[in-house]
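Note that the chains are named A, B, C, D, E and F in the order they appear, and that numbering of residues resets to 1 at the start of each chain.
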Amino acid sequence: METATDTQIRPSKRMPADMRPVRLERGVSKHAEGSCLVRFGDTHVLCTASLDSGVPPWLRGAGKGWVTAEYGMLPRATNERMRRESTAGKQSGRTQEIQRLIGRSLRAVVDLKALGERQIVVDCDVIQADGGTRTAAITGGWVALRDCIEWMMARQILQTSPLIDHVAAISAGIYRETPVLDLDYVEDSAAETDSNFVMTGSGGIVEIQGTAEGAPFSEAEFGQLMGLARDGIARLVELQKLAIS
Amino acid sequence: METATDTQIRPSKRMPADMRPVRLERGVSKHAEGSCLVRFGDTHVLCTASLDSGVPPWLRGAGKGWVTAEYGMLPRATNERMRRESTAGKQSGRTQEIQRLIGRSLRAVVDLKALGERQIVVDCDVIQADGGTRTAAITGGWVALRDCIEWMMARQILQTSPLIDHVAAISAGIYRETPVLDLDYVEDSAAETDSNFVMTGSGGIVEIQGTAEGAPFSEAEFGQLMGLARDGIARLVELQKLAIS
Amino acid sequence: METATDTQIRPSKRMPADMRPVRLERGVSKHAEGSCLVRFGDTHVLCTASLDSGVPPWLRGAGKGWVTAEYGMLPRATNERMRRESTAGKQSGRTQEIQRLIGRSLRAVVDLKALGERQIVVDCDVIQADGGTRTAAITGGWVALRDCIEWMMARQILQTSPLIDHVAAISAGIYRETPVLDLDYVEDSAAETDSNFVMTGSGGIVEIQGTAEGAPFSEAEFGQLMGLARDGIARLVELQKLAIS
Amino acid sequence: METATDTQIRPSKRMPADMRPVRLERGVSKHAEGSCLVRFGDTHVLCTASLDSGVPPWLRGAGKGWVTAEYGMLPRATNERMRRESTAGKQSGRTQEIQRLIGRSLRAVVDLKALGERQIVVDCDVIQADGGTRTAAITGGWVALRDCIEWMMARQILQTSPLIDHVAAISAGIYRETPVLDLDYVEDSAAETDSNFVMTGSGGIVEIQGTAEGAPFSEAEFGQLMGLARDGIARLVELQKLAIS
Amino acid sequence: METATDTQIRPSKRMPADMRPVRLERGVSKHAEGSCLVRFGDTHVLCTASLDSGVPPWLRGAGKGWVTAEYGMLPRATNERMRRESTAGKQSGRTQEIQRLIGRSLRAVVDLKALGERQIVVDCDVIQADGGTRTAAITGGWVALRDCIEWMMARQILQTSPLIDHVAAISAGIYRETPVLDLDYVEDSAAETDSNFVMTGSGGIVEIQGTAEGAPFSEAEFGQLMGLARDGIARLVELQKLAIS
Amino acid sequence: METATDTQIRPSKRMPADMRPVRLERGVSKHAEGSCLVRFGDTHVLCTASLDSGVPPWLRGAGKGWVTAEYGMLPRATNERMRRESTAGKQSGRTQEIQRLIGRSLRAVVDLKALGERQIVVDCDVIQADGGTRTAAITGGWVALRDCIEWMMARQILQTSPLIDHVAAISAGIYRETPVLDLDYVEDSAAETDSNFVMTGSGGIVEIQGTAEGAPFSEAEFGQLMGLARDGIARLVELQKLAIS
């Protein structure tokens, strides 16, 4: 039977279309205007949203705001201790790539004009990593961003919410020839194809990234990954709704 | 009629499925083992492939080689002069993201074991930019890489070629509600959706990147972009074959 | 009555000689050889101890090991978001000063010869800050270090423990003319004198740092601060013993 | 007899409570508003005080001034040539720690409101090092600062002096089980305990730093070091008075 | 006969007083206000002149403009691939020395007051190197600068040209005991003396740099080099005139 | 009469061919193998020569040694305090240009083969600046280098001296239309032409640098400057001989 076989494929015994347990814990920071500790299984990311009264220089006087993200990893979030980026003197290419993705994803669901000349900075710091840190960061970052906006509305800084929709993200890949959802580190390291999908609550696609780690993949395979992701993101949006209710 | 309308959509008067004129000029560098000046219309990228006798530290003794890429832009390759990255003291996130993409794309068609413990560095320097610099760099970078490998075979450094296939790349996006191929700078700045596709000569997908610049896009729209890209890359591979024949 | 007055001095209503509630949570990291989430009230520091097979270059061949510490703060650990040190390109003087102090304090209770040619790196990352992050880091860092050593002994990497004693730290200062123990952020900002004490389980002094923030202080005042700290550290050592039992 | 024994303890033949010969030479710089070449034996530090018309950004409009210090060492000030910090691209943690200490010490005796919105930068550059560079820098830095303030008063930039008191510093440590004052490099390298004291002319304590280099020390031992330092600083203040008279 | 001998001296078979073929190609950049691809034999430098509306901070309000230059080399412009300066994190001393020389040379023929409060940045990027890159950059940089000024005059940004004269540069050296003009890489590497001369169209000297690579040289030898350079620069100025006519 | 006029030209009342008082003080550093505090009037440069047992990586196994120089300025060596290069994070172009010049000049009089696989680092730190710091550094650097070599010979590290000749340097320029020797800061700032000459004890030219600060200069003028410099350097070499005798 297919089920029996499938549970033998993934090291975690998950079924191909199963996500890891997801937990969105709000209000975890005493200081931040919005915060969320998001867990995708053993991947834990602390997301804080900070209201900044100014906007980046290139946006001054443009009558609109900005949402940006920064991403970091504690040195021992991973199995091998990594060098601290502050001692390396710069952020790695990977770090920059991820934080640019998070920022773009969050901006896709914010009406920047309605935000006014203000900036919200969403910091996503990986406390513990087990694959999928960027997708967890986007999913939890949205919750922190939303709570920051609620905080602003409660203080009459904003009259109406500039938040247009939910946004969430999940990975999907081909692992041992099977399309699977939400890869953990062990799967990620061995996957033939790895992709990340960012979608809104209404199902629109915000970002697609697909990479052949080994052999190139086909359009049909990519279609399967997108199908898995679509369903996974719908579930993540449900969990976001639950978390903020 | 549709055709009449279509030619009015793109500032360049190109039809939606038209690429810009592509030119692949080989042997442009006196010093490099392989080189190619690639032009996608007004986008000009100088690609050189350099044979390096060693491999990166983390690959030493692993019995395989490496192909990596570096990307740069002359300060006045763009309409507004940009700050030189050497004076800024670091590469921007965008630069790192692009050079990581080029490197992954080229490695996808090289048998690293067959390369032996050697590294080939493909430098892609944008002499003039008009949109699509990363896709031009991948397409021209493959030609430089191929000529470097030919150079090695001619000198008996390699007995058989580790090159498995062609690889080429093109952008596609939704511009004024129409899916179009190979966006130039003007289109790129205004496109609702921007995506880049990297595929092999045999049609396998190596990398997909799709980003909603404005509103999210649908799976159907993405399918159209992929279709345009598939045909465009097939033509680029033909041009590569012509260039090396 | 003195008590009535005293409880009115500190914003937190604590008595002068009262520490904040301290919590030492072990085993919080899936990956690290030793870990401890230490809380001094609202100050939360995640400490991980990582075993590194090599020693710093200047110690190679010296037949002894090394214990070092790194310190960091999440950008929104504080009330005002701070710039990420990785984007600033370097660690601040304050960061370096603190991590040097933590490292010296931990080394004071380790027999480096008995450790052998290995290094243990203790990372102390402030998740949330409310004053006293360096003292919390030393106190929790010791627990992480101890668990790392236990881990090594369980795997026969070490036969006998190189850990000589406990080490813990606490601040004391003069706030509104009263010597108080374990200053929180509000007190720290307004204190006339601020000092940090690091002592061992057997009461030996490892490090003393006293700074006049306003007017200079007297030897008598300093003696009072040392008395408060001595008692506080004795209690912290008790809590460490409880935590590891 | 004790004296006979004591002179055999210190490599320099100094008695435990003896400082090295101290020399404070004023007006050594043609350009600086105040300057002092301070010598503690073979430790020579050139201190210059520079008046800067502005204050740091975070102090603008606060109606008060600032005194800050920078510390450096010539590459061959030490026995082994050190790498120049300008080629290393950053200041070491040690350098930053020391210059922060010097700045705090000097600010402790300046009425920053009375200084007005101006900054004085005291540069302390070690020409030759033989232990105790930070204490020499504070002691000589005060002289340079004082002369800078005199310079300002002579030019009517200030009507009354914002200088409240003298400040000077000395080290004390436990060397071969004996508390000794003003350690030179040979003693410093072998001392069990090393401490630095900064005090004002009226005997108030500005900063205390005590570190166990080997075994932890006791409160009684620390009391002895403080006693030595108190007397030493009183003598340094006398020398400052002599120098400026 | 002397001629027969002379042609045997230089690897390129050039006569001692012969320059390499020089080509000045204008208008090579779609974006820049002025541009020139200059070739001295196999040395190819792309020069672009960019009009910047502001001046450097230290010149603000001074009622005059500025001309500055930046210099770079593509990593594989040379026989051995060089590390990209953007990844090294800084410009080398050689790079800075050359760009300072180019800037000084160009400013020598511009009336900065007549330019007004504007800056022109001349970027000189070496596409391919074979010795003499700095002299080619000055010679071609002048053409780019001149075209930028023409562009400004055509747009009424300037009423009269602030360009006072031509400026061009050439190297001369002693190679195998013979004074020769315009050294290529092979000669440069082996020359006993290497010098660069920058002169104006009217024959005035702007810059002289002479370096003994091996044994010191005499005044008489230096006079011979200056004579060669004088004639060479006169020819380069003729070529500039031809190029802009 | 000419003399009367001439003494009115230079602010220092020096005659055109007069140098400032020169003083070469040896053995000023307790630690360095060779040292010299050189004074050209109010320009004071501390030169130390340090023996390094290794050579730069690119010279390993080449059977020869290396002499290199580093140059720095104390922040308040100048009239306006300059930013410390260690806090700027890099050496300026000017610093690098000067230290490269000093290194080349000293190497010109050392037989690197005879030095063996060792490096001598000559640090030249400007304590006080009043024009001509690079020429003072070369002149004093030679004395430090010579004493380092004597130190090595005294310890049998070298049997014969690899020092071939003296080397010294001086500036000459056109100030108020008059060729003058050894410009101080006031003259340097206003000079029409500024040049530096480096020559050996036997009169050979090692380096010539001439720059038109205002209008271009003629060959005849340059000849006059060279004449002044030739005489000045002869005198400096005499002073070096006196200093080491």
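By our rule, a contact is a pair of C-beta atoms (placed from the backbone, for glycine too) under 8 Å apart; a residue touches a chain by one contact, two chains touch by 3 or more.
Bear in mind that the values here come from a model prediction, so they are computed numbers and not experimental data.
A.B. asks: Kindly list the shared contact partners of subunit A and subunit B, in label order.
C.D. replies: none
A.B. asks: Spell out the chains that contact subunit D while also contacting subunit F.
C.D. replies: Intersection of subunit D and subunit F contact lists gives nothing.
A.B. asks: If every step must land on a chain the current one touches, say how few steps get you from subunit B to subunit E.
C.D. replies: Each step joins two touching chains, and the minimum needed here is 1.
A.B. asks: Same or different, please, for the subunit C to subunit D contact, judged on whether over half of the interface numbers appear on both copies.
C.D. replies: Same: when the shared numbers are divided by all numbers used, the fraction is over half.
A.B. asks: Please indicate which chain is farthest from subunit D, where distance is taken between mean Cα coordinates of the chains.
C.D. replies: Relative to subunit D, the chain whose C-alpha centre sits farthest away is B.
A.B. asks: Going by the average position of its CA atoms, which chain sits the greatest distance from subunit C?
C.D. replies: Ranked by distance of C-alpha centres from subunit C, the top chain is E.
A.B. asks: Report, in whole Å, the distance between the mean C-alpha point of subunit A and the mean C-alpha point of subunit C.
C.D. replies: Result: the chain centres lie 33 Å from each other.
A.B. asks: Take the average of all CA coordinates in subunit E, do the same for subunit F, and state the distance between these two points in whole angstrom.
C.D. replies: From the centre of subunit E to the centre of subunit F is 28 Å.
A.B. asks: Distance-wise, how many Å sit between the C-alpha centres of subunit C and subunit E, to the nearest whole number?
C.D. replies: Chain centroid spacing, subunit C to subunit E, equals 60 Å.
A.B. asks: Mind checking the centre-to-centre distance between subunit D and subunit E? Centres are C-alpha means, answer in whole Å.
C.D. replies: 51
A.B. asks: Multi-chain contacts only, two chains or more: what residues does subunit F have there?
C.D. replies: Counting only residues that touch two or more other chains, subunit F contributes 89-91.
A.B. asks: Taking the contact definition as given, in what order do you meet the chains if you travel the ring from subunit B through subunit E?
C.D. replies: Result for the ring walk from subunit B toward subunit E: B, E, F, D, C, A.
A.B. asks: Please output the residues of subunit D touching subunit C within their complex, sorted ascending.
C.D. replies: Against subunit C, subunit D makes touches at 90-94, 96-97, 99-100, 104, 108, 195, 199-200, 202-212, 215-219, 222, 226, 230.
A.B. asks: Contact residues on subunit C for subunit A in the complex?
C.D. replies: That would be residues 29-32, 35, 42, 46, 48, 50, 52, 70, 72, 74-79, 81, 84-91, 95, 121, 123, 125, 127-128, 130 of subunit C.
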